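The structures come next, written out as structure tokens.
Consider the two complexes below, in which subunit A is the common component and subunit B and subunit C are the respective partners.
Showing the complex of A and B:
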């Protein structure tokens, strides 16, 4: 039997578990994955050029479309980097509003991930539960920003508008309801033998590889590296809030799932803390800087924030004109997907959705 | 490790090999070095100073030259180093760091794709976003967009 038994298989872009437009070229031997190659770029829109061709303010609504699951994180990251170029700081009130909306956005993004991943693993009930919970958070964001998907809420030196009246009760009620639903997610998944068998020990990413690949966010923390930008390089006043960083040592799919679920709880605490800090301020305090000059000084800066998927950073080089000379988007998914061929190598074909699901892809952000 | 400490150690070790004065922007140290010293200094930064986190890499077309930047960080996220190498615009070629920090594999492929920088020693230098038959490099300042040719299956056959 010296006959070659390997064959090539294309997974995606139409495959339902690919979560968007990209494909995986697999070389398989029976059911075992021998080799794989990620084919990305189907959604490439040349964001770096688009941003460099527009003025700083015009770039904000575009960065909203970078990732359709958590658009607010990216526009906030962009405005935060622009503030670094201008050398200005947003008022305190704006920072608390930003932290609140960012954390609501993080939970909403994790809910969508949970729904999509559970369906990949055959847990069809879990499609509806997180989507119902996500609705609570999207409704909150709708009340605050006026939109449900692409918010266009971030501004240079603050946010578009102040929080509406009676938002405190609304946030508290929604989070109370969410806490109950969160416990239901845990009950449904952790006690499911099938779910545990399909995720435990699958797609193990070692600590050294995770760092070398530049993996960030929950995926890095699931590999045992307690690196969270909110703690390591605090921005917008995260250093005044108390929170823990959930970390797991295993580095497998189950660890990545568990870290994200624990992060949802942490985020709920952060929202309430930021709300308290917000309520200490007077209603007449500014939520945005009034006058921003049209032309920033020359210079370069790289600023990063912790988005739901990991480190979302913007490098901006300014040449003194109203539009940036060079913008570089450091998207977390681009780095998080790179170790995928290594994670699925030698495993079974049916394990690919289990690994890919917990990487938490967003192709808009991956392809830029 | 603080940024200043990393700066002192680098200057003490590579006196004369660092071009100009290293600048500090927030928690990032920026150093400019020549291409022939890149691998040696990068190995020192990774193994001796412990900057094991391969953050990102990108190139910029500066009209008269092209510069390539690699951002690496400490695993605790406290300090970052930006390594900058300048290269010729007509025939850009720099050494690859993809074997030291695996994450730079894709980032360097992206720089090759969008700016046309050749990375010497890269394990798998192909275009990453655009099709293999794309003409030109879109992030160059003098790039003019031309309507791409429609995809034909026979082109695929010719290439393979």
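Showing the complex of A and C:
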């Protein structure tokens, strides 16, 4: 007598390990995942229309709210795209400030990811350690921009304000403190056999699949593709800095974890390099272009930057009015989530948080 | 084998797979050591309570922090720039009749204000509308979140004027004084009496 043993299970939209409002409809056979289906759209706020209804300057604080973990990356990407529409370039000083704040933001974002991922895996001690480290970087961003989460620091043709006095010492001290905490992350997670058993060889994403799904960012680099927009399509003077791209060949959860932690170290060096370049300039040099016209010329442009999760791009079509005619947001999380049903297929139910945690989801960014 | 800070960034390699490390991993030696070491550290959390304002544990507020808005009654010309730039349209212009003439002043609803700072930035001639460092903006009723021009003047007197006097903040551009303080005080008293007589307003 044949018996049907499959059953449906809804994970989310309110579930502690879902990182926000989205739902995973699972078909399971015992403990094994047979099939799964991602259901998104719970947090849709119609961002593209919101931006098209506002003038270019008013849109900048709106793009800050796209992703609450790394808001500065998105507002900088938006202003960078607007600069392309206007056909202007930000002054050199503004670019170094942007690079510095972007890299601080990247480390802060990875810290929050580390805390959330380890809690998903049951390492509750690890919740506190990255949060303590993130506090250092958030304090830095607060002194520079004036806010802790939604900075609104990027402007068309520069940044809001110059860096405050004595910021060099403060950044160096904070990063020195951060290196000590970074060593603790490595010791706490990697040097535990449980963490290795739960992540190694789980959720393997092959190189071909990663490329065909349009995956970007650390997830792509963990699958063995050394693609980083900072190197491949340099923007804002990244081509003048020396750094390498951490890559891994395995493509499993452990590789994705390790690539992000290595990226933090690379970013620390980039902050110091950009700070040196900034200090070479005179204090009287401009940090922002003055007198930008209200109406840009007609045209369309797509520009992208490397956010903490991957490629964050903005397509803008201008019809010569003060507000954009159409804005299209290319958010990294949407493409990074796409291969998830394939990654968890055939695996155990308890492996889902281990896979999902290393994808680094941000639903605000996913649903737009 | 330890993380170092340098200008030419290098990646710290993994610890090797030798027997000692494998035994350490199996018994979680290094994680336990880190946790025990952290127990000896000074706590990083701060106690927070409004009575700690003069206390050393009062939360650190950056100089550039954008809190509740304040308005200078001397400098504001009612040019509507802040109303036009506000992305949430939370700033509205209120018309007031003073000595037979009509004047406009901005007022805003703090519940919808996202503290973006665009109104402050656009007021670059008069320096009339400013962000203070006040972050305690919760209220029990909806009306407490509505900041009329008078309440914004009060915020200026309390939080911006001392900073100007001490030379920390910018100096407001003095314009001709068209608003009489006494007039506003009278209006405020009248309104309070009305509120007492008809509590349904709240």
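The rule is short, and it goes like this: the second predicted complex is superposed on the first by the 367 of 368 C-alpha atoms of A that agree within 3 Å, B and C clash if a C-alpha of one lies under 4 Å from a C-alpha of the other, contacts with A are read in each partner's own complex, and residues count from 1 in each chain.
To be clear about the criterion, a residue touches a chain if its C-beta (ideal position, glycine included) is under 8 Å from a C-beta of that chain, and two chains touch if they have at least 3 such contacts.
Here the structure is a predicted model, which is why all the values come from computation and not from measurement.
On the shared subunit subunit A, the superposed partners subunit B and subunit C are arranged side by side without overlap. By the touch criterion stated above, A:364 is placed in contact with neither subunit B nor subunit C.
Aligning the two complexes via chain A yields an angle of 120° at the C-alpha centre of subunit A, spanning the centres of subunit B and subunit C, rounded to a multiple of 10. Of the two partner chains placed by the overlay, only subunit B lies in contact with A:84; subunit C stays clear of it.
With both structures placed on the common chain, the touch criterion links A:310 to neither subunit B nor subunit C. Looking at the superposition, the partner that touches the larger set of subunit A residues, subunit B or subunit C, turns out to be C.
In the superposed model, A:193 lies in contact with subunit C only, and not with subunit B.
When the two structures are aligned on the shared chain, A:211 is found in touch with subunit B, with no touch to subunit C.
Minimum Cα-Cα distance between subunit B and subunit C in the superposed model: 19 Å. Overlap of the subunit B and subunit C interfaces on subunit A: none, as no residue is touched by both.
Residue ranges on subunit C touching subunit A, taken from their complex, read 2-12, 14-15, 21, 24-26, 28-31, 33-35, 38, 44, 60, 62-66, 85-87, 114-118, 121.
Of all residues in subunit A, only 40-41, 44, 46, 48-49, 84, 208-209, 211-215, 225-229, 231-233, 300-303, 311, 313, 315, 317, 326, 328, 330, 334-335, 338-339, 367-368 touch subunit B in the complex they form. Residue ranges of subunit B in contact with subunit A, taken from their complex: 25-28, 52-56, 58, 60, 71, 75-78, 80, 82, 101-107, 114, 128-131, 138-139.
Here subunit A touches subunit C in the complex through residues 54, 57-62, 64-65, 125, 129, 132, 135, 139, 142-147, 150, 152, 160-161, 164, 175-176, 179-180, 182-184, 186-194, 196, 242-244, 246, 258, 262, 265-270, 272-273, 276, going by the rule given at the top.
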